[in-house]
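Listed next: structures, encoded as C-alpha cells.
Common to both upcoming complexes is subunit A, partnered first by subunit B, then by subunit C.
Here is the complex of A and B:
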C-alpha cells in the first residue's frame, strides 16, 4: 500500500528555501481560489457552459510543474485549470478565456476545456479522455529528434488508463526512451465510476511493468513528495532514461462537472480525504517554520481573492470574437 | 444590501428545474457554499449552494414548482463588507472593494446572462441534443400489429441479409420477342412473369448448381427444379411455386399463377405455406422501378429482380435503334456459386428470354 501522509514532517521542508515553499503554497491557493471563484460565477449564471474543477487536486499540478522548466511542456485534460495556472498561465488570460473573450489565452475560442498557451509550455488542453497521451509521446519524439533537453509532462486521470491511447502512447514512448512523464492523477473516480471497478491492479503505476518503464505511486496531496518524484522523473528523462509513469493519489472535492451532484462519494471517504487537504497539509507544516504565521498565509489568500474578483469583473465586459473570426485559428 | 439568488444552470438539457424542498429557513444566517435547497434536474437530485454569505430574507421559489435557469429563487441580505470582515485591510482597500461591488451590481443587472453574439452551436434552439429528441418523438396515433406473414417475411429477410454473402449481377434483356408473343396470344393474355419462369426453368437445367442450396459444408440440389414467383396479396408477400417450369409453356404458367393468386386471395391456408423452390423471381415491372437489388429467400441460392419494360436507345451493328428492354438483377449466394458461373447462368437466361 502507498503511504498517505496525515502531516508533512517539518524536516522535509528544511532542504528548501522559504521562498520556494511559499511559492508552492501560493500556487496551490491560487488554483483553489480560482476554482472557487469560477464556481460561484457559474452558479450566479454569469459564466456560460459547464466546468470541470480540481479543488483538492492542487498538489499534483503544482508539484509536477515546479519540477519543469519554462520551455518544458505539459498536456492537460478537461479538468485543466490547475495545470494551466501551475504552468504559468495567468488568472487574467484564463478568466478572459472562460468568458469567451478575444483577450483569453485561446482568444475566446477554447473555453474551460481547452486552456493553453504555447509560449508558456502548455498546448491547449485535450478534453478527450486519454487524448493527450499519444500527443505527449509525439512531442517527446520531437524533442528527442531535435536533440533539445525539453521534457513533456502528460496529465491524465485514472479513467484514461483504460483507453487504448494509454497503451499505444506509452508503448511508443517506452520503445524509443522518450522524455515523457506520464502523470496519472488518480482521484479514485472516472466521472462516477470508482477506480476499483475498472482494474484488478492495486496500483495503476503497475501498468509500467508491461511497458518496461519505471513507475511509481505516491501521495498526490503531498506537494513536496510530488515535486521530488517529478524532479527524479525529469532527471531520468533529460538523461535519456525516460519515460516514467507517476501515479498520484488524490481526491476531488467537487463533482465531476458542475452539474454532478456527486452522490457516489461515500461520506467516510470524503472525510478522510478532506482532512488531508493538500493546501492545509503544506500550510500546517509551513507554520512550524520560523517567520511564517497564519496571518501571512491568510494574506496570500486574500490577495488572490481580491485579484480574482477584479479580473472577473473586467473579463465580463471584454469583447467576444467576431462572427467573421469563426473559421480562423481552427483546423476544421 | 439585498441580493437576488438565481437558479443556477444545473440541468444537462436546458430544461426547467424542479424545486423539492428548502434546506434553510427564513431569517437563518447563511454562509457562502451552504446548501440552500434541494432540486431535481433532468439527471439527478442536487443541492443549490448559496453564492454569498448573509441572512435568508425571503424564499421566492416554492417546493413542487418548476423554475427556469436564471429565475430568482430567494433574496439574501448580505453585509457589504462580509468578505473582508477580517479587518486586516486598510480602509482604502475596503472602499475600493465596496465601490467595486457597487459597479458589479450595475453591470450584472444590465448584462444579459447570455452573451450578445452567440456562436451558432449555442443558440437556444440548438442547445441539448436530448431536449430536441424529446420534442420530436411523438408516438404514431395509430399503431399497427404486424401480420403473421409480415413477421415471417421480416424474420427470414433479416436472417438472409445478415447471414448470406450476397453478390449482384445486373444486365438487361431485349423484350421485343416477349412483346410479340403477348400480342399474338391476344385475348388469352400471357403474364410477364410466365416468360421469366419458363426461361429460368430451362437455365436451371443447364446450370444446376444455381438451383442448389447450402447445407453446412455440402451443396444439396433442390430436386423439384421449381421456380418461385413472389406475389403481393393485399400488402402481404407470398411465393407461388411452379414445378417443372422448363417443360411448361408461358400460357400454361400464366394460368397456374392466376389460379394460385386466386387461392391466396381466398385465404387458402395450404397455398400460403412456403414450398421449396430452386430460385425465385420478384417482379416490380408494373411500377416505375427500373432495377433493384432483391434479398435472397433462404435456403435458395439466388433471386432474380425484374424491373419495368421500357423503350431504350440501343446501338447494334453500328446502327442506332430503339427497342423495349427490361432490367434484370440476379442476387446470388456466394457460398454456392462464384461470379463467373452465375454470369454464365444469367447470359443463358437472357438467350432464352430473347428467343421465346
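Here is the complex of A and C:
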C-alpha cells in the first residue's frame, strides 16, 4: 500500500528555503481560491459555460510544475484550471477566458476545458479523455529531434488509463525514449465511476510494466513528495532516460462538474481525504518553522481572494467579442 | 513549362518520393512518420513511396508500431512544437482510428487557441477499391471535407502529387492528402492490377501547386465533368468517347476537396450550364452531394439542367471482381450520365 501521510514531517522541509515553501503554499491557495471563487460565480449565474474543478488536487499541479522550467511544456485536461495556474497562467487571463472575452488566454474561443498559453508552456488543454497523451509524446519527440533539453509533463486522470490513447501514446514515448513524464492524477473517480471498477490493478503505475518504463505511485497530497518525484523524473528525462509514469493519489473535494453533489462518494472516504487536505498538510508543517505563523498564511489567502474578486468583476464587465471573431483563426 | 526546361517522366509514387526527399533536404524540421516506411531493405511503405529514403534520412523516417491514433496524435504534438511531420496511414480505411486526433485536435487547435497555435501537419492516405475487400477499399474523403480547420486535397497525377505535397508541407495548417492506389504506378511486386497511367513530365526545378485550386484538363463547351483521383482519369476517357459523338465536354480535376475552388468550377458551369460529378464511393452523403449543393447555390441561374451525380451504389465495397467493377463508376456510366442531361 502506498503511504499516505497525515502530517508532513517538518524535517522534510529543511532542504528548502522558506521562500520556495511559501511559494508552493501560495500557489496551492491560489488554485483553491480561484476554483472556489469560480464555483460561486457559476452557481450565482454570473458565469457562462461549464466547469470541472480541482479543489483538493492542488498539490499534484503545483508539485509537478515546480519541477519544470518555463520552456518545458504541459498538456492538460478538461479539469485543467489548477495545471494552468501552476504553470504560470494568470487568474486574469483565465477569468477573462471563462467569461468568453477576447482578452482571455484563448481569446474566448476555448473556454474552461481548453486553457492554455504557449508562451508559458501550456498547450490548450484537450477535453477528450486521454487525447493529450499521444500529443505529449509528439511534443517530446520534437524536443528530442530538435535536441533541446525541454521535457513535457502530461496530466491525465485515472479514467484516462482505460483509453487506447493512453496505451498508444505511452508506447511511442517508451520505444523512442522520449522526455515525457506521464502524470496520472488518481482521484479515485472517473466522473462518478470508482477506479477499482475499471481496472484489476492495485496501482495504476503498474501499467509501466507494459511499456518497460519506470512507474511510481505516491501520495499526491504531499506537495513536497510530488515535487521531489517530479524533479527526479525531469532529471531522468533530460538525461535521455525517459519516459516515466507517475501516479499521484489524490482526491477531489468538489463535483466532477457543475451541479454534481457527489452522492457516489462514501462519507468515510471523504472524511479521510478531507483531513489530508494538501494545503492544510503543508500549512501545518510550515507553521512549525520559525518565523511563519497562522496570520501570515491567512494573509496570503486574503490577498488572493481580494485579487480574484477584482479580476472577476473586471472580467464580467469586459465587452462581448465582435461578431467577426466567429470566423477568425480557423486557419493559421 | 518553359521551353528548354529538362523534365523526366515519373509515376505518382516516384514524384511523391522526390517531393519528400527534396522537402526533407530543404527543411530539417520535415520528417515522415508511419508504418513500414523506413525499414532498411523494406518496402518504403505499402505503395513504395518512401522506398530507399532511409539511406539518406534514417533519422527522419520514423517507423511506428501499429498505433494510428498514437502516431497521428504524436505528429500533431510535434507539429505544435515546430516540426513539420508527414504522417501516413497504410490504407485510408485506417484513418478512422486517429479520427479523434485529426478532427478534435489537429483541426481545432488553431481556432480554440485564439490563433496562438499552428499545426503544420501533412497526412497522406491511399484510397480506392482494389480487390482487397471492404475494409481496404473505401473512399473516405467525405468524412473529412466538412471539418473546419482541415484542408483536404486529392492528387490524380504525378505533377500535381509532387507540387501539392510540397505546398502541403509548406502550409502551416493540417492538410489531408488523398492518393489512389491504382494511380501510384508502383512497380514489381507492388504493381496493382487495374492500374491507370498517372505519370507526368516532372521538371527539375522546384515547384509547388496551390492547395486550393481545381484544374481544367480538357476545355469544352457543353458540359462540365467534375471528378478527382481515379474518377478524373475516367472522366477524361469519357470525354474522348463523347467527342466522337459530337458532345464537347470540359473536364475538371477538382483537386481541392476542402475548400472547393468555386472560382474555376463556376467559370466552367456558367459556360456550359450542365454538370456531371463523378465520385468513387456511395452516392449518399458523398463529396458530390456537397459540391452539387454548392454549385446550385452559387450558379443555379446558369444551370440548364439539374446537377447529375455518378457514384457507387450505397453498399460496402464487395470483393468479387465482377461486383467490385460494378461498384466502381466507369467511363461508360459517365458517358451515359452526360447524355442524360445534354438534351435537358
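Heads up, the rule we're going with is that the second predicted complex is superposed on the first by the 329 of 332 C-alpha atoms of A that agree within 3 Å, B and C clash if a C-alpha of one lies under 4 Å from a C-alpha of the other, contacts with A are read in each partner's own complex, and residues count from 1 in each chain.
Please note the rule applied: a residue touches a chain if its C-beta (ideal position, glycine included) is under 8 Å from a C-beta of that chain, and two chains touch if they have at least 3 such contacts.
Note that the coordinates shown come from a computational prediction; the quantities given were computed from them, not determined experimentally.
Undergrad: Go through the superposed model and pick first if A:175 touches only subunit B, second if only subunit C, both, or neither.
TA: second
Undergrad: Quick one: is A:212 in contact with subunit B, with subunit C, with both, or with neither? Answer first, second, both or neither.
TA: Touch partners of A:212: none, neither subunit B nor subunit C.
Undergrad: For subunit A, which side has the bigger count of touched residues, subunit B or subunit C?
TA: C
Undergrad: In the superposed arrangement, which partner chain does A:320 touch: subunit B (first), subunit C (second), both, or neither?
TA: The answer is first: A:320 touches subunit B but not subunit C.
Undergrad: Could you tell me if A:291 is touching subunit B, subunit C, both of them or neither one (first, second, both, neither)?
TA: neither
Undergrad: Jot down the residues of subunit A that show up as touching in both complexes, subunit B in one and subunit C in the other.
TA: Touching subunit B in the first complex and subunit C in the second, no residue of subunit A appears in both lists.
Undergrad: Enumerate the contact residues on subunit A facing subunit B in the complex.
TA: 40, 42-46, 48, 50, 100, 258-261, 263, 295, 298-299, 302, 305-306, 309-310, 313, 316-317, 320, 322-323, 326
Undergrad: For subunit B, which residues count as touching subunit A in their complex?
TA: 6-12, 32, 41, 43-49, 51, 69-70, 83-84, 86, 88-89, 93, 97, 100, 103-104, 107-108, 111, 113-117, 119-120, 122
Undergrad: So in the complex, which bits of subunit C are touching subunit A?
TA: Listed in rising order, the residues are 29, 31, 59-60, 62, 64-65, 67, 69-83, 100-101, 104-105, 109-120, 148-149, 151, 172-173.
Undergrad: Under the touch definition given earlier, write down the residues of subunit A that touch subunit C in their complex.
TA: 73, 75, 102, 104-110, 114, 116-118, 123-124, 126, 128, 131, 133-143, 145-146, 164-165, 167-169, 171-172, 175-176, 328-332
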